[in-house]
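Heads up, the next two complexes both have subunit A, just with different partners, subunit B and then subunit C.
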Partner chain A sequence: MSRSLATGNHAAGHALALAGEANRNARGCCAGAYPITPQTEIIEYLSGFPFSKGRIVLVESEHSAMGVCIGAALSGARTFTASSSNGLAYMTENIFAAGYYRLPTVMIAVNRTLGPPWNIWVDQGDSLMMRDAAWMQFYCDSHQDLQDTVLMAFRVAEDKRVMLPVIVAMDGFVTSHTQMVVDEPTQEQVDAFLPECVIPHKLKHDHPSTFGGMTWPSETEHHRWEIQHSMENAMTVLEEARDEFEKIFGRRPAGALEAFETEDAETIFIACNTMARTLRNVVIERRKKGEKIGMIRSKLFRPFPRKELLEAIGPAKRVAVLDRNHSPGSGGIFWQEVAATLSHDPDMLLQDYLVGLGGGDVTPENINAIIDDMSERTTASDPEWKDDTA
Partner chain B sequence: MMEITICGRGGQGGVTLAKIIASAYFLKGKYVQAFGVYAAERSGAPIQAFARVDDNEITNHNQVQNPDYLIVLDRTLIVPGMDATLKNGGSIIVNTPDDNTDYKELFPGREVATIDATSIAVSNGLGTRTVPIVNTTMAGAVARVLDLSLMDLLAGLEHLNFAGTNKTCAREAYKMVRSQKIPGEIVKPPEVTSKPRVADLFDDDVGGMPKIKTGSWATRKPERRQLTPPCNHVCPAGNDVQGFVAAVGKENYDKALGIILETSPLPAICGRVCPAPCMETCNRAEYDTSVNVREIERAAAELGVRTAPNRSSRQEKVAVVGSGPAGLSTAYQLAKLGYPVSLYEAGDELGGVMRTGIPAYRLPRDVLDEEIDYILQYDIAPHTGCQLRREDMLRLSREYQAVFVATGLQNVSDLDLGNSASAEPVQGLHFLEQVRQGNQRLDGQRVIVIGGGNTAMDAARSALRIGASEVRVVYRRTRSEMPAIHEEIEQALEEGIILDELVAPVSLTDSDEGPLLTCQGMVLGPPDASGRPRPVADTSPEARFNLRCDLVILALGQSHDISILPEGSVIKEGEALLGLSGAPFFMGGDFATNAGTVSAAIGCGVRAARHIHRTLSGEDLFPPPEEPVASAEAIKFQRFEHLPPEKVNTLSPAERRRCFDEVHLGFQAGPDGTGAVGEALRCLSCGVCNSCDRCLEYCPEGILRQGSEEEGYYFDLEYCKGCGVCMTACPRGAIYMTNL
Partner chain C sequence: MTATTPSKPYENHLLRPGNTNCAGCGMSIGLQWLDEALGDEQPVLVIPSCCGIVTAGAFPTSGYGVPTTATTFASSPAVATGISAVAKMNDIDNPVICWAGDGGTYDIGLATLSAAAERNEDIIYICYDNEIYGNTGGQRSGATPIGAVTATTPAGKGERKKDIMAIMAAHRVPYAATLSISHREDFLRKIRYARSIKGFRFLLMLSPCPTGWKSEPDQSTELVEIAVRSGLFPLYEIFDGCRYRINQRPDNMAVDSYIEQQRRFRQIWGDPDALNAHIDAQWRYLDGMATVFPAKDSPVTAAVT
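Now for the complex of A and B:
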C-alpha cells in the first residue's frame, strides 16, 4: 500500500490494471478501448500498462469496445472497459448482450450528461440508462471508494453465484479529473484478493456451444429468473467480499449504502457520489444546531438494496432524494426506486430534488436550501428543481 | 483548510499550477485536492483552477467559493471586484510587470504580491509572449507567499516531473516576488441580484454569432496563398495551364483561349504536337492518371473565339528573322505590345519547321495555316523567300530598332557510310520536305532510318505512308534513351515500324540483291557528357550483320548556322550582342537553345519580346519570381474522387499507315466540348483556390465567408480562434497558418 496523488481516472485505471494483471496465471485480461471525454485518461492509462498477459484492443467505436469484452470474456479472460455519455449510448446494444450473456465485465462509467445540448459535465443519466441491462451498478463518492470498488466489482462479478457484469460509476470531472490522495493497493494485495477468473460457461474447444440463440418464452423467463436470483445473491457475495477486502487491505469499503446519523433522524436525505459527501458535511453542521436530520449515501443501484434501505430509514417518516439525473416525464431515477421501496407506507412524506443536472456545481448552499425547503414541507410535491428554472 | 483559486487563460498551465501546489503539500503529508473547470475551450480562453490543502481528509468537491489565495496568471483578466469573494486576510498573487501599487484602487485593504512571471518564463523559453506558460514560474511566487520552503516547492515540481528551466524559473520567481499591503477598506461583495434568464428553446433571440470576440484567443491565423501549380511551373511556353483548364471546366472556352493567347498564339498546334511536360508533372498522376492537358488545349483552340487583334501604336520597328514558332511567337508578342513587325522567312511559306518538319498526320496544314493567319492579323508584315546573309542582317540593324533572329537549325549532321551508287543516303528533313510537296513514292521499298529523335520518327512514319513495304529505325542506344516523344515511338511501333535498338550503322554497300547496310551491335557503357549511357561496340562476332535496304534516311540531328551573324558572335538566348553598331540583336528558338519543341520556342519568343520591349521602352514586363510549386505533398488526394480520363479518338494503325490523315481526333465525347469539360474537371487545381467551399463548410466557427469572385474567401478574424481546420480541409494547399 502506498499513498499517492491521483486523478479519479488514474485511480480507476490503476485498479483495473492491477485486477487484469492479477489474472496473469490464468487466461489473462482483455479490454476493448475507445476514448470519450471525460473517461479517456482511463484508456490511456490502461494502454500504457505493461500487462504480462493481456491486451488492450483499440477499436473504432464503443459498440465494438464492448464487443471485444464479450468475445474475450467468452474465451475466459478477465475483461474491463470504460466509457461515458453518448459513448455508452452507442455501446448500449452490446451492454445488454454482456449482461444477458452473464459475462462478468467491469466497466467504469465516468458520468457525463447525455447530449444534446452538448455537455461534458457530470449527470448520472448515462449509466442509469443501463438500469435494465442486467448489470450491477455502483456509484462512488471518492477516489478511495472508487479504487476499492473497482477491485470489489471483479470479485463480486466473477463469483459463480453472481456471474454478472458491473458498472462502477464516478462523477465526470468532479472525480475523474480532480487530483486527490489515495492509498493505492499493491499487486500482491490484489493478487491475494482476486481469485483467478473462472467463467463456467466460456467457449470450450472440446465442447462446442452457441450463445444467445432463439429461446421459447418459458426458457427466456427462466433466464430472467436466474438473473434476478443472481442479483439477490450479489448482496451476500458483496458482504463476503467486504470482509475479505478488510482482511487484505485493512479498511472496509462501503457496501450497498452508508447511513449517517439516521438512528434518531426525523428527516433523512438520500444522495450518491460526491454530492453525498457535500450532503454529509452539511448534515454535520446542522446536527450541531440540533436538527434531527440524517443522510444515506446510496452506492449500489443494481441490485437495488431495498431491505438495507428500509433498515437504514428506520422509523423516520420524512425522506428526501437528491437526484443528479432526470427521467423526462417522471423525475429523479433514484427517487423512483426509493418510492417503490417505500410504497407500503402511507404515512411517508417522500420528496425528490433535482440538483446539479448537466454538471452544475453543487455547493453547501444548494444543499442547505433543499434542507430548508424540506423542513417546511407538510406534503410532497412533484420533483423540485434546484433552481427556479421551471 | 486552505483554499486557492487560480484565474488564467487556456494554455498557461493553471490546472498544472494547482497540481504543483497540491503536490508540494502532499509530500509534506497533507491531504490535498486540485482540479480545473474543464470545458471545450481553446488556448487563450479564460479558465479557473482550484486547490485545497488540509490536515484532514477533504470531503467537499464543489468549486472553491471563498479562497484564501487568489492567483491571477494574466493581468488582463483583472476586473474590479474580482477579490470580492476572497476571505478576509486573503492574499492576491498577480503575474504583472507593474509595481503592485498599481492595484491600489482595484484591491484596497488586500495583501497583493506581484511577479513578472511572463518575462521570466518567456526569457527562459517557456511559451511565447502571446501564450506564455507561466505555471511553474508562478509556482515559485505562490510558494513564497504561502510560506512554503524552496525545497518543498522544488520537491512538488519534481513530483510532477518538472526539471531544468521550469525549476530555474520557479527559483527566480521565489526570489523576486514582492508583496505589499494596499491601504484602504476591503470592498464588500455586491449583493447577488437576479440571475440572467436562460433563453427558452423557442425564444426569438436564440442563435446568431456569439458576443464573445473569440479572435482574441487565437495564437495563429489562417491566410490564403496561391502556389504555382506544377503544370504552370514546367510549361515551356509559360502558359497558365491551371487557369485555362479551369476555364474549360466552366465551359468558358473564350476565357480559356484568352488565357492561352496571353502567352501562346499557337494553341491548336501545341494541342497536337507538344510533348506536354505539364502532363508528366501533373500531381494527379500520383493519384490516378494525369489530366490530358494537351487535348484540353486543342479543344479550347477549336471551341474558343480569338480576341480581335490590336493595331501597332509605337514608332520603333522590329525585324524578326525566321518564321518558325520562335519567330512567330516573338512577332506576335511584339505586335501585341504595339510594335510594327517585319517577319522574314527564307522559305516560300511561313511556319518554319512546323511546316517542313512535322508531317501532316501530326499537324494538318489547315491548322497551321489558321494559326498563322490569326497572327498575321496583327501588324506583322511577312516577307517570304528571303534568304538573309550576314550583310543583310547588318542592313536590318540599321533599318530597325531591334532584330530578333530565330532561324532554327539549318545544318544537318551527316554520316559517311562509304560509297553506294544505288542508295545514296538522304537527309531526314529533306526527305520530309519532299514528302510534304508530294514528290515522292516508295512503293514496295525497304527503308532504314538512322536516328532516335522526332525527325527519325517522322521520317519513318512518313516513309510508311508513301508505300514503303518495310521501315526500320536503327538506333545506337535503347528505346528509353531515344529523344523522340514517347507517344510518337509508341504509335510508330503500332503502325508496324521495326525498331532496332543498340545498332549502329557502319557502311552502305551495293550487292547483287541491292544495297546492304552493314551494322554493328552495341551495348550500353558508362554515361557520357549528356548523362545518357554511351553505346560501345559489342565485340562478339555475331554482332556485325547486314540489313538489306532500298533507301537510307539520316536523322542524326541538326545544328545552327551562325554564318548569318557578325563574326565572333556568341549565341545566348535573349541576350543582346555587344559591340555592334545599329540596333541590338536578340536570339531565340532552336537557333539559340536547341530545345527542339514548339512550346519551348513559344516561351523563348515571350521572353525575347519582353527583352526587346525593356530595351526599347524601359518598361519591364517580366513577371515577379514564381511562388513555391504545389508539390504532390500539398495535395490531399483522399479528398478527391477517382475519375477515369476522358477517352480520345485516334485512327487505328491500319487506317493511318497508308495516309496522312490526322492520327489524333480529339475527345471521344464529341465536338461539343463535353469531353474537354469532363477532362478539365479532373484538374486538382493544385495550390490555387477554386472556390470549392470545403474551408467554408468545415470551419467549425462559421467565420469563413465568401466574398466577391475576385476577393474569394475571407476570414472574420474577430472570431477566428485559429484552429486550422480550414487549412486541413483545403485539399489543394491554398490556406496556411501564421503565428500571431
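Now for the complex of A and C:
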C-alpha cells in the first residue's frame, strides 16, 4: 500500500485496472471505452495500462462500449467501463441489457448534468436514470471511498448470489478532477481480495443454448423476481465483502449508508456524494449550538437499503432529503425512495430540497438555509428549490 | 431443401428442426449451408433483434444448436467484438459470426458495423438481406429496392437500395462477398474462404421473405436465381476492399419475372424501368471496379480455390 495524491478519475481508473489485471489467470478482462467529460481520464488511464491479459476496445459510441462489455462478459471475462451524462443516456439500451443479462460489469459514472442545454457540471440525474436497469448503484463521497468501492463492486457483482452489474458514482469535477490523498492498493492485495471471475451463464460450446431470446410472461416475471431476490442478497454479500476488505486492506469501507449524530436527533438530513461531506461539517457546527440534528450519507441507492435507513432514522419524526437531481413533474429521486420507505408513518414530516442542480456549488450557507427552513416547518410542502438562484 | 452434414445428430445442427422460420424463408437455406460449410466447427452466433433471433423460438428451447446470443438491435458487431477479444486472449478459435438482418446492418447498426470493420475485428458478419423489416411486420429499410411496397411505403419505395458492399469495401475489410441461396458451391466456397482468413469478413445474402415479398414459399430459390441472372443481385467478391472478382455475369434474363412473382412489386408490374436503371448503374460501377482493380493477380486471390 502506498499513500499518494490522486484525482478521483485516477483513483477509479487505477482500481478498475488492478481489478482487471487480477483476473489474468482466468479469462482476463475487457472493456469498451468511449470518452466524455468528465470521465475521459478514466478511459485514457485504462487505455495505457499494461494488462497482461486484457483488451480495451476503443469503440465508436457508448452504446457499443457496453455492447463490448456484454460480449466479453458472456465469454467469462471481467468487464468494466466508465461514462457520464449523455454518454450514459446513449448507452441506456445496453445498460438495461447488461442488467437483465445479469452480467457483472462495473461502470464508473462520473455524475454530470444531462444536456441540452450543455452543462458539464455535477448532477446525479444521469446515473439515477438507470435506477430500473437491474444495476446496483453506489454513491461515493471521497477518493478513498471511491477507490475502495470500485474494488468492493467487483466482489459483490461477481458473487453468484448477486450476479448483477454495478454503477459506482462520483461527483463530476468536485471529485473527478480534484486531488485527495488515498491509500492505493497493491496488485497483491487486489489479487487476494478478488476471486477469479466466474460467470455461470457464459456461452458454452459443450452446452449450446440461446441466450437472451424470447420468453413468455411467466418466465419473464420469474426472471424479474430472481433479480429482486439477488438485489436483496446483495446486502448480505456487501457486509461479507466489507469484512474481507478490512482483513486485507486494514480499513473498513462504508456499507449501505453512514449515519452521523442520529441517535438523539429530532431532525435528520439525508444527502449523497460530496454534498454529504459539507452537510456533515454543518451538522458538527450546529450541534455545538445545541441543535438536535443528525445526518445520513446515502451511499447505496440500488438496492435501496430500506431497513438500514429506518434503523438509522430511529425515532426521529422530521427528515429532509437533499437531492442534486430532478425528476420533472415529481421532485428529487432520493426523496421518492425515502418517501416510499417512510410511507407507513403518518407522523413523519418529510421534506425534499433540490440543491446544486446543474452543478451549482452546495455551500455551507445553502445547507444552513435548508436547516433553518426545516426548523420552522410544521408541514411538508412540494420539493423546495434551494440553490443559489432559484 | 439441401440436406446438411449428415454425420451430425440433429441437436448439433446449427439450425435445428422446430425453428420458427416461415416456409420458404431464405434464412433456412442460408443457415443450413453455413453449417455445412463450417463442418465440424462450432461457431458462436451473435444475433441482433430481427427474424433471425425469433428463429430460436421461446426459452428454454432453442432453434440453434450452437452457442447463440441475442443482442440489442444495433449491437451485434460490438457484442461480437467482446466475444472475439476474449476468445483470442484465451486461445479459443471457434468462429464468431454475426447473423443480422438488413435493418440491423444498413440502418440502425451501421455505425457499430463500420467501427468493427474499421478495427478489423476477427468476426464473420453475415447480413441476410430480406430488404424489409420482417420482424416488425414489413416496413421499409435502407435495403428495400426502389418500387417495392412495404407497410410504410404503400405506393412503392421512391429511393434506391443502399450499396452496402461499396460501403464495406470502403473500409478495406479483408473480404466482402455476396451469397446466393441458388448457387450452392459458390456459397460454400465463400464461407470456407471467409473462415480460412482472419479479420473482418462481410457477407451479404439476398434472403427471400415470402411473408414480406408476397411471393410463393416454393419460389424462393428461383427468385434468387433470377435476381442473379438479371443482374439485380450480382455475385462477386472484394478482397482487401480494393480487388474485385465477379463470380457470375448476368445473362440478360429479364427482371420482369422476378417482380411479377412478388406482389410487393405490384406498383411497378409491367414497368420495371426504375429497377433496370438500378441494374445498369450497379453494373457500370462494378464492371469499372473489376476492370481497374481486378482480383486475379492478387496474392489473396491465389489462396482462393
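Following the convention adopted for this analysis, the second predicted complex is superposed on the first by the 386 of 390 C-alpha atoms of A that agree within 3 Å, B and C clash if a C-alpha of one lies under 4 Å from a C-alpha of the other, contacts with A are read in each partner's own complex, and residues count from 1 in each chain.
Here, a contact is a pair of C-beta atoms (placed from the backbone, for glycine too) under 8 Å apart; a residue touches a chain by one contact, two chains touch by 3 or more.
Note that the coordinates shown come from a computational prediction; the quantities given were computed from them, not determined experimentally.
Superimposing the complexes on subunit A yields a three-chain arrangement in which subunit B and subunit C fit side by side.
By the touch criterion stated above, A:His63 is placed in contact with subunit C alone, subunit B being left untouched.
In the overlay built on the shared chain, the residue A:Ser209 is in contact with subunit C alone; subunit B does not reach it.
The larger set of touched subunit A residues comes from C, when the choice is between subunit B and subunit C.
In the superposition on chain A, A:Gly28 makes contact with subunit C only, not with subunit B.
In the superposed model, A:Asn94 makes contact with subunit C only, not with subunit B. Of the two partner chains, neither subunit B nor subunit C is touched by A:Ala153. Once the two complexes are laid over each other on the shared chain, residue contacts for A:Asp171 go to subunit B alone; subunit C is not touched.
If you stand at the C-alpha centre of subunit A, subunit B and subunit C are 50 degrees apart, rounded to the nearest 10.
In the superposed pair of complexes, A:Pro38 makes contact with subunit B only, with no contact to subunit C.
Here the smallest spacing between CA atoms of subunit B and those of subunit C, following superposition, is 11 Å. When both complexes are aligned on chain A by C-alpha atoms, no subunit A residue touches subunit B in the first and subunit C in the second.
Those residues of subunit A that touch subunit B in the shared complex are 5, 38, 118, 120, 142, 171, 173-175, 177-181, 274-275, 277-278, 280-281, 361-364, 389. By the touch rule above, subunit C contacts subunit A in their complex via residues 42, 44, 46, 53-54, 56-60, 62-72, 74-75, 77-87, 89-90, 94, 111-112, 114-115, 119.
Note for the complex: subunit A touches subunit C at residues 27-28, 30, 32, 53-55, 57-61, 63-65, 67-77, 79, 93-94, 97, 203-205, 208-216, 219.
Considering their complex, residues 18-19, 22-23, 26, 31-36, 38-40, 57-63, 65, 159, 198 of subunit B touch subunit A.
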